[in-house]
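Structure in structure tokens, see below.
To keep things simple, chains are lettered A, B, C and D as they appear, and every chain counts its residues starting from 1.
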Amino acid sequence: MKLHIHAALDYDLPEPTDLLLQMEAAHLPEQSVSNARLDLSPCEHFARVVAHDGIGERIFIRAAGQFTADYHATVDIRRTIADVSRLRKMPPHQLPGETVQYLLDSHYCPATQFRSFVEEEFGELQGGARIAAMRDFIQERFHYLPGSSDASTTALETFVRRQGVCRDFAHMLVTLARASTIPARFASVYAIGVDPPDFHAVAEIFLGGAWHLIDATGMAKEGKMAKIGVGRDAADVAFLTSFGAVTMNGQSVEVTQV
Amino acid sequence: MKLHIHAALDYDLPEPTDLLLQMEAAHLPEQSVSNARLDLSPCEHFARVVAHDGIGERIFIRAAGQFTADYHATVDIRRTIADVSRLRKMPPHQLPGETVQYLLDSHYCPATQFRSFVEEEFGELQGGARIAAMRDFIQERFHYLPGSSDASTTALETFVRRQGVCRDFAHMLVTLARASTIPARFASVYAIGVDPPDFHAVAEIFLGGAWHLIDATGMAKEGKMAKIGVGRDAADVAFLTSFGAVTMNGQSVEVTQV
Amino acid sequence: MKLHIHAALDYDLPEPTDLLLQMEAAHLPEQSVSNARLDLSPCEHFARVVAHDGIGERIFIRAAGQFTADYHATVDIRRTIADVSRLRKMPPHQLPGETVQYLLDSHYCPATQFRSFVEEEFGELQGGARIAAMRDFIQERFHYLPGSSDASTTALETFVRRQGVCRDFAHMLVTLARASTIPARFASVYAIGVDPPDFHAVAEIFLGGAWHLIDATGMAKEGKMAKIGVGRDAADVAFLTSFGAVTMNGQSVEVTQV
Amino acid sequence: MKLHIHAALDYDLPEPTDLLLQMEAAHLPEQSVSNARLDLSPCEHFARVVAHDGIGERIFIRAAGQFTADYHATVDIRRTIADVSRLRKMPPHQLPGETVQYLLDSHYCPATQFRSFVEEEFGELQGGARIAAMRDFIQERFHYLPGSSDASTTALETFVRRQGVCRDFAHMLVTLARASTIPARFASVYAIGVDPPDFHAVAEIFLGGAWHLIDATGMAKEGKMAKIGVGRDAADVAFLTSFGAVTMNGQSVEVTQV
């Protein structure tokens, strides 16, 4: 399955500012990127650094005035799709060391506070069956409502408000998984089916010895998304982090099946 | 300079529980650990995993009932001590990729919110001189007061309350450094001079191409502390993380200069 | 029904400090207080002021060193008990002006965030039937667990954690009621049935033109509690507010049916 | 001094919704309102209730579809202006009972956390001199920056961010005053000098036995503002509170000196 991606950013920097850009599909065994092209407006500096967990790259840029980024790529997705509900939870002491950070609380995912709820609500289910039930719980009880949350909204608030956008849905599933001592991380992706079209975010859960993408909004399918990057939560995989004032003029994302 | 360390934990686990233990001094070029011995009460499982940034190890344990850990070690410290105030800030685009996570907000260190304050208060200083001024600001204006904070206290609250314990002081300096686009992480250490004796926490700042330990409480000296582990904030380097209910019977830390 | 109340406080004030004390049963038509006696350790100042909504009194005290308060009283309760589930919600525009503050968010009761949840979960019920369902929801799904919350815990956190003490249960019901545009306030009471014996807190809901006490913990009965004071949430009716440092030596509450 | 006021609201209510409107200048001894006229679009219900502390009125409305409110009035201000810096703090035990609520923490004004800062920074000043110093501190160190805060911003965050709009400046001063055990409330006003023109908010401080308006932004003068209402913080005196979904089409405020 091939995706064609086109994403464009147009921002304004009143003063020379350092930016961290992460908008390119990652080169990974299960997704092969071709015809990629990133056009940037003139920058004072440009440096690539490897991103979180070695998945994808971040670009350090220093620029001023109008900043534009235009990205095109074709991504061939050959991801193996598992039936999540049948996957086994690994006991914590058998987990690989690099997954441990994904068991701990992070800013948007205060999992410890959800332990009692998770035990009461999903206590009879284990491993993948529990994760599938959590995904269904979120999909049924929460409303996808653009504008109903902002950059400061945590899973605590989302759980109460029962509404949010993709990042809130992803934070919610990540949080419930970690509250069950199942490693879970946040993945930034390009995906078919996102309406309105935008950068998308999903959860990635460690079950049966591997990571599995799960979209708690139900909009996108695991086999039709291209990973940009991963992290503990949205704070780690912003497509644009600015170390100074910045205003958006516009941005657009188009993902089409080739 | 040699430290002798003795730390003991005594906890109670009402049910079989997974624990993550990180209380051993890390093996590092600048600190050589000898005569180390960790005695644990009987455990169902025991597995070592590498810790954050490859510094130190975490141990996964599954246990029930009384859980005790008794750790002895001698650590020979040969850390090069720099005059922080003369060190140079690296421009973001020259930073190594692995330091980028330490520029971003984390749960206890919401650095972005402090940018305006930092610019106003320390705007005329750069690099190490700015960090030294921040350390002095914290040391002079904040009170070290055991019991004045708890596990949920963030640098936002510490900044307002002007009091806290070592972890709050470390979070405060880490936060102000990141608000200046200088990478900063949280280090858990054993140190001479901590009163009352306990696990200690300090900031570690990336200046002039290397990490430098700084204790904003002023109690401990960089050359007289042994690193246990590092992370984005206290959430990443707890000496004991429990994935279930736990109560403390007692704990003690002794660090002596040999 | 008569209650005999005995409550004793023993605190330490390292420096001369202003205190606000509210521990006496209020004189109200439905509860008649007799044989009341409040013995205080020597105070520099002492002044009574009327408390929130004219219910009960607060006492301003200035004291230093050991501060003790010993209160005895007999309260004759003749409260009319309604079947809450049959009471009618008043439309907002017919509410008395003094109830309006009890529709708004307060610190511990961020009701607005719960509107979507309340609509989804209790949308088919109205007025008293809805309040009764909310009380049952809290009683069934939340665990009364001393030590599981602290003075900073809001209804947002209680909703996630599913555990707390009486003040958390009261905050939870107050919050869900307000989210349904039903006035709700927080009442501090002495009650039979509280285990372990302590100051108790319940919700008070405005239905059918009158206020009705409801204990979401299920421990105390409306007819067996004596009101001390009311407020928007716990911040308004602390039995002791100190405008300076204070440490507790001990405190005790005994309520017996005469 | 006479002010002419014109304020207009234009909102959209997708469903029949209860609204609480508080946009009329209050009738008070020190401000006499004449030629007042409030034109509303058709409403299902309309009921006036007295507002917080008996200052001004709130109007309960039930409406659907487009909701508009157009208010004209002339207000003659004859407020006695005191030199705040010379006013005396009343000791807490001499405060009138109705001011006690304004000593306590409220949602946007978590004063208790600021006690240590206030003592350290303003400890040598008392009463009005301390309030004047706090006003100057805020005016000098904080930036008035429209868009830099939102409806969830508390004084804790404002203190860290050093920027905000009028409500944040008012919350900041109210919080610092309460942290000094000086009663302080939040006042919603129409004022000359507000740029861009809008509803304005200031602090009102109880000193020398009376309430005194103080604008920590420095934009408006005590003698050139008409009070709409007061409360513990912004939550109590919103010009429009909606108990359901609402979207703004537009709103405007004009205040001119006659």
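Just so it is clear, a residue touches a chain if its C-beta (ideal position, glycine included) is under 8 Å from a C-beta of that chain, and two chains touch if they have at least 3 such contacts.
This structure is a prediction, so every number in the text was calculated from the model and none was measured.
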| item | value |
| --- | --- |
| Steps needed, at fewest, to go from chain A to chain C via touching chains | 1 |
| Degree value of the rotation bringing chain C onto chain D, based on Cα positions, nearest 5 | 180 |
| Copy pair chain A, chain B: interface residue numbering same or different (half cut) | same |
| Distance between chain centroids, defined by C-alpha means - chain A, chain B (Å) | 29 |
| Separation of mean Cα positions, chain C and chain B [Å, integer] | 41 |
| Multi-partner residues of chain B (each touching 2 or more other chains) | none |
| Graph class of chain-chain contacts, one of line, ring, star, complete, other | ring |
| Chain-to-chain touches, reported pairwise for every pair that qualifies | A-B, A-C, B-D, C-D |
| Interfacial residue positions of chain A with respect to chain C in the complex | 113-114, 116-117, 120, 141, 143, 156-157, 159-163 |
| Residue ranges of chain A touching chain B (in the complex, touch as defined) | 18, 20, 45-47, 49-52, 58, 60-62, 91-98, 100-101, 103-107, 110, 115, 181, 235-236, 241, 243-244 |
